[in-house]
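In what comes next, chain A is part of two complexes: it sits with chain B in the first one and with chain C in the second one.
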Partner chain A sequence: MFPPIANPSVTDVAPRFSEKDLVRRSASTVPAPAERLTEVAKLIDVSKCIGCKACQTACIEWNDTHPEVGVNAGVYENPPDLTPDMFTLMRFSEWENPETNNLEWLIRKDGCMHCEDPGCLKACPAPGAIVQYSNGIVDFVHENCIGCGYCIKGCPFNIPRISRVDHTAYKCTLCSDRVAVGQGPACAKACPTQAIVFGTKEEMKQHAEGRITDLKARGYANAGLYDPPGVGGTHVMYVLHHADQPELYSGLPKEPRISPLVEAWKGITKYAGLTVLGVAAGVGLLHHLVMGPNRVSDTDEENAERLVRSDRHDSA
Partner chain B sequence: MTNSWTDIRNTDLVVIMGGNAAEAHPCGFKWVTEAKANRGAKLIVVDPRYTRSASVSDLYAPIRQGTDIAFLLGLINYCIENDKVQRDYVKAFTNAGYVVKQGFTYQDGLFSGYDEAKRDYDKSSWDYEIGADGFAVVDDTLANPRCVWNLLKNHVAVYTPEMVERICGTPKDKFLKVAEMVAECSSPTKAMTSMYALGWTQHSKGSQNIRAMAMLQLILGNIGVRGGGMNALRGHSNIQGLTDVGLMSNLLPGYLTLPNEKEPDLNAYMSTRGFKPLRPNQMSYWQNYRKFFVSFQKAMYGSAATPENDFAYDYLPKLDVPGYDVLRAFDMMHQGKINLYLCQGFNALQAFPNKQKITASLSKLKLLVVMDPLATETARFWENHGAHNDVDPSAIQTEVIELPSTCFAEDDGSLTNSGRWLQWHWAGGTPPGEAKRDTWIMAQIHLRLKELYRGEGGAFPDPILNLHWPYADPGDPTAEEIAQEINGRALAKVTDTADPTKVLAEAGKLLPGFAALRDDGSTSCGCWIYSGCFNEKGNNMARRDTDDPDETGAYLKWAFSWPANRRILYNRASADLNGKAWDPDRKVIEWDGAKWSGYDVPDIAPTAKPGEVGPFIMNPEGVSRLFTRGMMRDGPFPAHYEPFESPIVNPVAPNVRGNPAARVFEGDFRQFAEPASAEFPYAATSYRLTEHFHFWTKHVVVNAVMQPEFFVEISEQLAAEKGIAKDGWVRVWSKRGSVTAKAMVTKRIKPLTCDGKTVHIVGIPLHWGFTGAAKKGFGPNMLTPYVGDANIETPEYKAFLVNIEPVSGPVA
Partner chain C sequence: MTAHDVEPDNAVHPGKPVTVDRYTVGARINHWITAASLILLALSGLALFHPSLFFLSGLFGGGQFTRFIHPWIGVVLFFSFFGLFIRFWKANLWKREDGTWLARIRDVLANHEENVPEVGKYNAGQKFVFWAMSVLIVILISSGLVIWDQYFSAYTTVGQQRVALLVHAIAAVAIIGVWIIHAYSALWVRGTIPAMIRGSVTGGWAWRHHRKWLRELVTKPGGRSGSKPAE
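Let's look at the complex of A and B:
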């Protein structure tokens, strides 16, 4: 058994990391931290996972989200996709292995991978809306988020979702609040088979080695660790029976990398864009001076009210 | 379980058949994961569906539901044919050499003594030959053609791999692969564990499914050893406790049985419960039956139970039928013979077969009282919920009273888990609203009844008026008080029978364990097998010490395991004839020349010499039984019978329909589809999903989000044949009812070929109803037949026939 993390102390403890440990901050620069924290990681062993969704329920309860009761869509995925209220999702994939003619039911817990080189953060135009701590956790700071959705475009794994209620982006935080006080993520705590374990990245790699050896002994010649170098490695890693074909696991990308458009956005496009913004602002000001301010009509108010109501309903 | 959850980590091979541990017992399944990760254990899953358990298995073999006995007898046949038998174990520890009476036969699917009109057997020929010395005749050479071993060999010979394929639809190569892996465990240094649940019990021959595997485990030498055993995964938390304390219509606590009407006094009652040894020197522990029984009567009736009045034997009801199980109770209700039904802690409308019959039965009651923490369907059976509960409330006159009760997290008490561990728990929350503990409700009812009887008299008020009620607050007994009453007390000084100077318990003190029970009225004990759970050392169920010397998985200081804190039943069988462990790496207890000791509490008298006293101390033989004599209604060996609704005719016994000894009520037979019915061509089965617990968690929003809506699972082939789209709607109907559901079209269910015929399987999960947070849906009991297991009447939910068609959308 991987040694479980001890229960938390009942006395207050100071957070183990904070603003001073930031290594990246969206659309801004941060001073290099005095020392880098030990890198943490969550290891998801797909071969031990029974798809029970305890991780999903723990995630809902710890983060106090309120997903709606949906419908059955002829599949085991519920809800059918990640949502602003569902940061992690078991994805189920039925695959007939052509080499053995055996059916395999490949179940993968989807969610933020906490990339070492985070595409979301790089794509984010809002200062401080996405941050990365030196332990590897990539977190969203909601009061800074402008809900533009660029993080979704920047993410090679298609993870963040924009809330229609508060118009900000949501995803797995790796339970940064729990990790900060020496606990592991809620999903790992709830996992009955230790398919999800949490520790330092080094420990997780070592633990994965043992698992891969076991899988190879059981005939999975291509068992391996998923820690994709295209995004600098990740702080959520998978043990896969078929590491040579990650796409079998509900489309886990084989070689994920940040979209070239995002890289470009950080380069020349950014400055060209700023120029355009400046011009637009100038034109706007001119328009205001000539035409006067916009007026909100009663119809506008009603429309807005209806929109808010429907949002609430959708997310009830 | 013979073993415990934690012991599963010691196994080499896990066979999940008749259950789906990963899905239905995800927390316990961690021990399978541990065995696989740390010991390189293998996992085999045999199931009609490729389940969540199968998703982490090393080998999956499909099987048609209701054919497990053919598969298991096929494995026994394979082991015998290929000499994969732990010979020394079988010879010494089973009744393989016992000679069976002349006259016992098995032919055309029937054992000797069958009475077709009664659907029952005269079992007198199902017994051993008894020698002049009064003991059973045994041939240690196994040469006698009438010894159990040779009868068994003949009995299983028909179940060849080809026959298994023909009956079960399991491809021969898959069956042989399973057989090879299982047969390896006949080595004394390999152990296999059997994990099963309702997939075996919910059949008209459920008890025999389990027996068949138990016999295989005995032949492999896997009973009593670490990492082996027959491990029943109990469905509800504390359902093990329910059976242990005898919450069945024919039982008393601790597996004592209620008298029947042919037993008018204690002597007559005891005359069939003497359990004299069938072989020399055997412990035959049930010889102590009278001590357990008298102590129980003292716990029930206190000073009103005296030697003069047969310890209030007359106060006990006497059965006029084998039992008033739920099927019989509801059949009687259906006939208008029951007026009042007190429904405590279960949801009859969703849980019992043939919902239409259940609704009609409840509608005939005058009063229905429902004690439950949740708003159950049963309490609202009279409400119209469209297609989901299509009743006319104005036509139902039953008065319904709901008594809101607490849930497990709101009170103190103990829960007995599958591994027989009594684990104490403490209230974690305050009950909402007017919810009261079940004990408070029962006490209040009892005290009011007592008052009524005292005031108004009655035909026979004595059992109520004299019920011993020793609680500090009679209206609110505490969990500790009840636990102590169950553990038992000395009513006078109890001394050691061998050494009267040694005091086991002073008068008034709690008993150390059941060895101190007496049959003279000097002890009281509510449930003998639980004795020791709360003694003068304290509440042993509340112990939480994880000490485990040499990491055997025994955890003797964690909670209390019945009996006598023993973790592995029959653990004497883990050692050979001389008392040395069969496998030194798997030692449980060993004989040191003077006594037994080791990691567990020995399941034998500590000084009982090996070679003299057999390990199966509860049996008068001292050995385990491959042949059960007359103890089961449907045969001393298991035999393959088709389900009552079957897609094919029984290939080994074409003239036998269903289990010939299973009870079927008048009227219910007409509601069964014919074998190989053209009208209902598909083989359906019901099951649980990991996202839900029965009908409880649909009341919880988070669980409802995880699995919101009722669906049925079918193969891609059947979907194509019927024009059913993934995510489309279907109607599924049986001879008894109809449901509408979302279709889940999957590769995990594949058509099977049985007896030359393609058999499509329809999977119907169980968790929906018309109350709670999830979408309204149907239960499989809209469809299932009203028939139970021949021995214990567990309804046949796992195998029945349906038809299916695509529909445009929900009717409701």
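Let's look at the complex of A and C:
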């Protein structure tokens, strides 16, 4: 067991991180913070999850969202997908293991992975709408969000959702407001089996190692940690019994990375585009300075008058 | 054939100087609606394209309103340009002299138009601008609809939307480049802008830049005001 985080004290505590701990800010730059906070992480042990959805409930409650009451779509997921009001979702898949002939019920708590290299932040055009703190938390700042949906295209995990009510993007905050005062995320607090635990990234990796050893001893030879290097690692990690096949878990990508299309759009296109336009305008200016305007001469006017007159004579 | 170049409303008025009607009131209003849309689209689009230009969103009342209005202006541009396309496409068909004109573009740029062939209502440069705008606007409206998150996000996959974003950005840079060529040429070739404001040019302007068009107008029955077709 990983020791649960103690209940909060009732006295006021100063927030442990703030704007001065930003390492990235969308469409703008921030000065490097004086000191880097210890990286935090949430570890989701899929093998311990019982699919109770207490994490979803805790998330709704803490974030005070109001998902609409849905209908039974014939699947375990409720709602059927992430929404602007549902930042985390239990996804269920039934898989017949060809080696054992066992039916396995693979349940994965989906939500923002808090990438070290966040695609949402890279794609965002609005200064300060997406920020990353030095402890690894990637957060959306709603008053700066313009609702364009570029973050959705940037995200390798298809997580952000745009609200049709206030036209801004929503996703899991890793309960940045709770973490700032020394608490863990609401979902981790509510999890009855400690499938979700929270701590420093190092602690989480160590804890995962123990879990993986245990799973291997129980016959899951491919058990492992999901901390994908393609996005620089994540601050939400999974322990998977089939770490060699993450796709089994409702399409968890095997090698997630920011799409090369997004990299090209936000990289070379952005700079080459403005350069091309600047050069075009410069060439025009230069041409005018060197060649001067192309003016109609008096001879041209006379020629035109003669042409019109001659035609009048012809037709007369 | 001359019929393509000579539009029914174009006419020559003898005098000193000769004046030649080039654009009807309808064509001019149609042009300036398109022009205003294109400029507003460039400003709002550039705000979303590069962080250093995000301040341009202030012209539209902030980021949220820029995001909201940009696609709607795009719809206006599409239909407005469609009007221009219907009006102008025939006169912009490629002719034999256009190849020669283009091959001697150096003379054109050096203000030596006497060395290039006589051209009709539009020269090869103007035809390039016309067709480039036509193609790019179709690319921009179709890729733009794919990334119009508010109404159309459900109809395509995120993968398709990523392609659309890149295509939209590249096409937008290209069309602003074409617009720079268009606007600069109109400024450089003096006497051109009145064609789109008052609707007419001087005979000398037509003689200098579009002599074939002028000749066609003069010889066309009824092309010269005051002259009646032979009865």
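As a working rule, the second predicted complex is superposed on the first by the 270 of 316 C-alpha atoms of A that agree within 3 Å, B and C clash if a C-alpha of one lies under 4 Å from a C-alpha of the other, contacts with A are read in each partner's own complex, and residues count from 1 in each chain.
The rule is simple: a residue touches a chain if its C-beta (ideal position, glycine included) is under 8 Å from a C-beta of that chain, and two chains touch if they have at least 3 such contacts.
Computed from a predicted model, the values in this text were never measured in an experiment.
Student: Tell me which partner A:I162 touches in the superposition: chain B (first), chain C (second), both or neither.
Tutor: Once the two structures are laid over each other on A, A:I162 reaches chain C alone.
Student: Who does A:N72 touch here: chain B (first), chain C (second), both, or neither?
Tutor: First partner only.
Student: With the two complexes superposed on chain A, say which partner A:A208 touches: chain B (first), chain C (second), both, or neither.
Tutor: After superposing on A, A:A208 lies clear of both chain B and chain C.
Student: After superposition on the shared chain, which partner residues are touched by A:N102: those of chain B (first), chain C (second), both, or neither?
Tutor: first
Student: Which partner does A:A223 contact after superposing on A: first (chain B), second (chain C), both, neither?
Tutor: In the superposition, A:A223 touches no partner, neither chain B nor chain C.
Student: Which holds for A:E305: it touches chain B only (first), chain C only (second), both, or neither?
Tutor: second
Student: Pick one for A:L43: touches chain B only (first), chain C only (second), both, or neither.
Tutor: After superposing on A, A:L43 lies clear of both chain B and chain C.
Student: Quick check on the superposed pair: does A:L261 touch chain B, chain C, both, or neither? Answer first, second, both or neither.
Tutor: second
Student: Of all the chain A residues, which ones make contact with chain B and with chain C?
Tutor: None.
Student: Over in the complex, which chain A residues touch chain B? Could you list them?
Tutor: Per the touch definition, chain A meets chain B at residues 1, 47-54, 56-57, 60-61, 66-76, 78-79, 86, 94, 96, 102-107, 192-195, 210-211, 214, 217-218.
Student: Okay, in this complex, where on chain A does chain C touch?
Tutor: 27-28, 125-127, 144-150, 152-153, 158, 162, 167, 259, 261-262, 264-265, 269-270, 272-274, 276-277, 280-281, 284, 287-288, 291-298, 300-305, 307-309, 311-312, 315
Student: Which positions of chain C touch chain A when the two form their complex?
Tutor: So the residues of chain C in touch with chain A come to 12, 14, 16-18, 47-51, 54, 57, 62-64, 66-68, 109-111, 113, 147, 149-150, 153, 158-159, 161-163, 165-166, 169-170, 172-173, 176-177, 180-181, 184, 187-191, 202-208, 214-215, 218-219, 224, 227, 230.
Student: Give every residue of chain B touching chain A within the complex, in rising order.
Tutor: Going by the criterion above, the answer is residues 22-23, 26-27, 29-30, 33-34, 36-38, 40, 50, 52-56, 58, 60, 690-691, 701-711, 726-728, 742-748, 773-775.
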